[in-house]
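Each of the two complexes below includes chain A, the first together with chain B, the second together with chain C.
Here is the complex of A and B:
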């Protein structure tokens, strides 16, 4: 009796699945997007940041506004505080989400994965910067708009394009600085956390977040100019307030020039330091180290 | 014959004291052993001094350095003691993130037969000690170089001591509330303690009299225990200055102490309820040992 064997299933193609190998600039850009993605999406998943990172800092900034009101300061100083208060969001982002990030990634085990993957570490840092910049800009903008509305701050922009240019250059230089310090922090352990912690109030003081930096004297202001926010804030105030130029530290054009130099230097040094520190960390076997 | 292991009752007073003592020691080690003592001392002083210097410069720019004004002393003392608010609250609340996401030891601490809120309170002691030194140095600099009007012979020491004891306990309870909330939050909210302290800065009359605030916001200030605490500190250190501003002029020292004590008890009750609720919610949602990496 003939038996009918069940028909064999149709043979599937035995060829290995094709991977589209991404490399070069495509990989670089994809890496930037991939690293920026969790920054943006993370904020959507944990919406409490809106309260803790917008509302509470706005109240803290308001305290400085009322100090100026209590000592009968000219109204423009209220505006100085609002602009400075909004910019603190960027400095906090640089400290905690750029500089300390590679250290934190090392502690949580991601860093070794980043290095093993066939992508550029520079792209990882840029992704962190873009993601952080986007989210921080939202925070800063809300603080700026709400603060200006609440305290009826009057702006008088003398040159809109210069204002945009100053802000953009400040951000490039600032995030370049963050990328640079991320490499340095890679070799640190708990010190990284403490250094970030230390670099808050002293920088708010030296960079003139709540008053014109010129008040600190020429040499102190000059030394503080290594932090891009010092000159950035000073130039923004000069361009946005009628008496800004009187209280400005240097002419805006010179500040723009210095910011361009800082941007280039920080980005180039960040690239060099990243390569050096990565090699050093691999050689010393400290990439997966966790000194707690 | 099997050895008997004596398990200490975790809620008995000796056990609570031991938990508090050991977690305070642990907190001190974590805060201080990353650097040599000299570097650590500088680190501990630079940050608070810078925050005070911001106000000094703001004041100086506008008034042309009129440090003899009562307003300056009012602002300086308030700001110096306000350092406790941020540091005590952060010290206690940060311990949750530190143990959960950095050291990843929180589950073991939960498993241990200890009272977890007591452990958290102990973790805040290190920051309290460090801040006490910072406050003392800040005041010293103020008196020596900035004409802050504190005359040692006129300081009301008993009032200062009682105010400090009640006030620090009140801050610890506020810290415990934040720590409880932290159990439910991702690690990027590590700055919760300082953020809340920054926000309360506005309402506590720390650096300007409450009269400067719009009436609606002033009400919040009157509900905050920190307002009464800072007023008591000012009255004990520089009574003549505190009397210059009408904010709480109608209240005697005893009345202020009574209000501070009542509000502290209220915050203690709120912290106990908040901890119970957040702890239950964190266990329910599996958040006790969560690691959040955005």
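Here is the complex of A and C:
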């Protein structure tokens, strides 16, 4: 609502636009596309990620495969490791390209420009997510295909559409979680780097990236289910391997239900938290100044 | 009279976090700022680093909340209605490194244009036109990471003008630009405002010439307070009665300038060191006082290398208001910071 001011002096009325600019949902969509663009184009121009994000995870995957083969673990475990290894790309993307990204955006001055523009920060984060999701999916697919070919993994999908649904829900909930944590990073300074580091390896363990999460026990697995990848991975394995359901933590239908709830909760909370944190950062002067 | 910007008793206090055992400190960056900027005006904020200029800009661009007072931009409350203010403004800061190094100049500018809802066709056309104006057209497809600091700043300047805002905030826009480029940018800034009476610019600078040449009105700001606000001509006119002398002498070698300040008729004296000499700038009540100044110099064994009487500048106005030159204020701040 425009503030009522004294009759004299009069504030400038809205000038007629000199060329058209869209607003509302059209601006929202434009913002998503524009912010996704650097991610998609950047990955094509800077090829070093192939080494760090495909070759190195493949080494980690290989190590687990050789351990499982050495101890003569069931052959499904090899497939579990490949699927888990592929999904690490998404967790890395959430940590380094969404959550702590806002810290780097603050350092370069982009964050101030994002906030000052008439777009929504939710659209900026969705742009980051879609841009990241596209590239990360390519990375995950390469790890999955190369790993499966190298170690001769056999898949037997019991329900293809459920598989697609689980993957999609996992991504929605995961990126919703990423947006939620990104809003917290609005207030952080250099500690953002350490927090991301801290969240990387423990989540690989807790979410069962390289083994069935059921092995951690019911309560630990339940606690780890707050991270959407835990249930997502578990359900994907159950749907892709013949004996997957025996090693699964919860029935797939329940896991789908929980993932739906997580998706909705994370997206709603992310929206609220983002607005709240933005106001807080503006009040405390932390949007543009990390020292204060 | 249409106002593009208005502030009322605006103030901002920062809480600076200390170490684990030290209490947070308070820093008053802005205090009781009352300003009215007319629509179509090119308004300057002149002051040394740390004077509060950037803090004021941050509040007006909705990036920082004031601790006291109110601010309106384009008729809307910058704190209560940021969503109404944001479509109407843009900002460029000197030395900013916004955008992404992997993207070309055109791609970076296109990306920022999309956040304001421009169609890609309009954005690309305006990008070409504006790059041409700032002399960056031949770098349109260069990655921004390959640009020099000066060229990068030109790209930032184009970003600010691209969305054709009603109110544009320029925070030290010519920082990092060479003399020629600064002149071109200043000329463009002036013509942009002159072309359309609904456009307004608030520009912060600590370059006196920039404020003097460009601005319709200037507010002189120091330690978070606005000390004076008028046209550059009127501000300088305040000193029309006084005589301003620039005297170059052999190095002072630690002697302070208090001996001059005590002389009757000396309003102010500032001191800067140059290569092998000291430059003293005097604001005197009238020409006659210069005789006693010269006597004092001679008694102090200081040899006059050069003596000039000159017209008042905004620097003199600042010295008159603050008691020290901007350089001296910044030096003191640096020493206190260290």
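As a convention for this text, the second predicted complex is superposed on the first by the 272 of 292 C-alpha atoms of A that agree within 3 Å, B and C clash if a C-alpha of one lies under 4 Å from a C-alpha of the other, contacts with A are read in each partner's own complex, and residues count from 1 in each chain.
Heads up, the rule we're going with is that a residue touches a chain if its C-beta (ideal position, glycine included) is under 8 Å from a C-beta of that chain, and two chains touch if they have at least 3 such contacts.
Nothing here was measured: the structure is a model prediction, and the numbers come from that model.
Engineer: A:31 contacts which: chain B (first), chain C (second), both, neither?
Structural biologist: It touches chain C, and chain B stays clear.
Engineer: Quick check for you: in the superposed arrangement, does A:62 touch first (chain B), second (chain C), both or neither?
Structural biologist: First partner only, chain B.
Engineer: Considering only touches as defined above, state whether A:42 meets chain B (first), chain C (second), both or neither.
Structural biologist: It touches chain B and chain C both.
Engineer: Looking at the overlay, what does A:52 touch: chain B (first), chain C (second), both, or neither?
Structural biologist: first
Engineer: Quick check for you: in the superposed arrangement, does A:219 touch first (chain B), second (chain C), both or neither?
Structural biologist: Neither partner.
Engineer: Which residues form the common part of the chain A surface touched by chain B and by chain C?
Structural biologist: 38, 41-42, 45-46, 108, 110, 292
Engineer: Inside the complex, what are the residues of chain A that reach chain C?
Structural biologist: 1-3, 5, 8-16, 18-23, 26-27, 30-31, 33-35, 37-38, 41-42, 45-46, 108-110, 112-119, 124, 282-285, 287-288, 291-292
Engineer: Write out the stretch or stretches of chain A touching chain B in their complex.
Structural biologist: Residue list for chain A touching chain B: 38-39, 41-43, 45-46, 48-49, 52-53, 55-57, 59-60, 62-64, 66-73, 77, 92, 96-97, 104-105, 107-108, 110, 189-191, 194, 197-198, 200-202, 204-205, 209-212, 215-216, 292.
Engineer: Hey, which residues of chain C end up touching chain A in the complex?
Structural biologist: 1-4, 6, 12, 14-17, 36, 39, 58, 61-65, 70, 72, 74-77, 80-81, 83-84, 86-91, 93, 96-100, 102-103, 107, 110-112, 114-119, 122, 143, 163-164, 166, 196, 198, 200
Engineer: Which chain B residues qualify as touching chain A in the complex?
Structural biologist: Counting only chain B, the residues touching chain A are 34-35, 43, 46-48, 50-51, 53-55, 57-63, 71, 75, 102-103, 185-186, 188-192, 195-196, 198-199, 201-203, 206-209, 212-213, 291-294.
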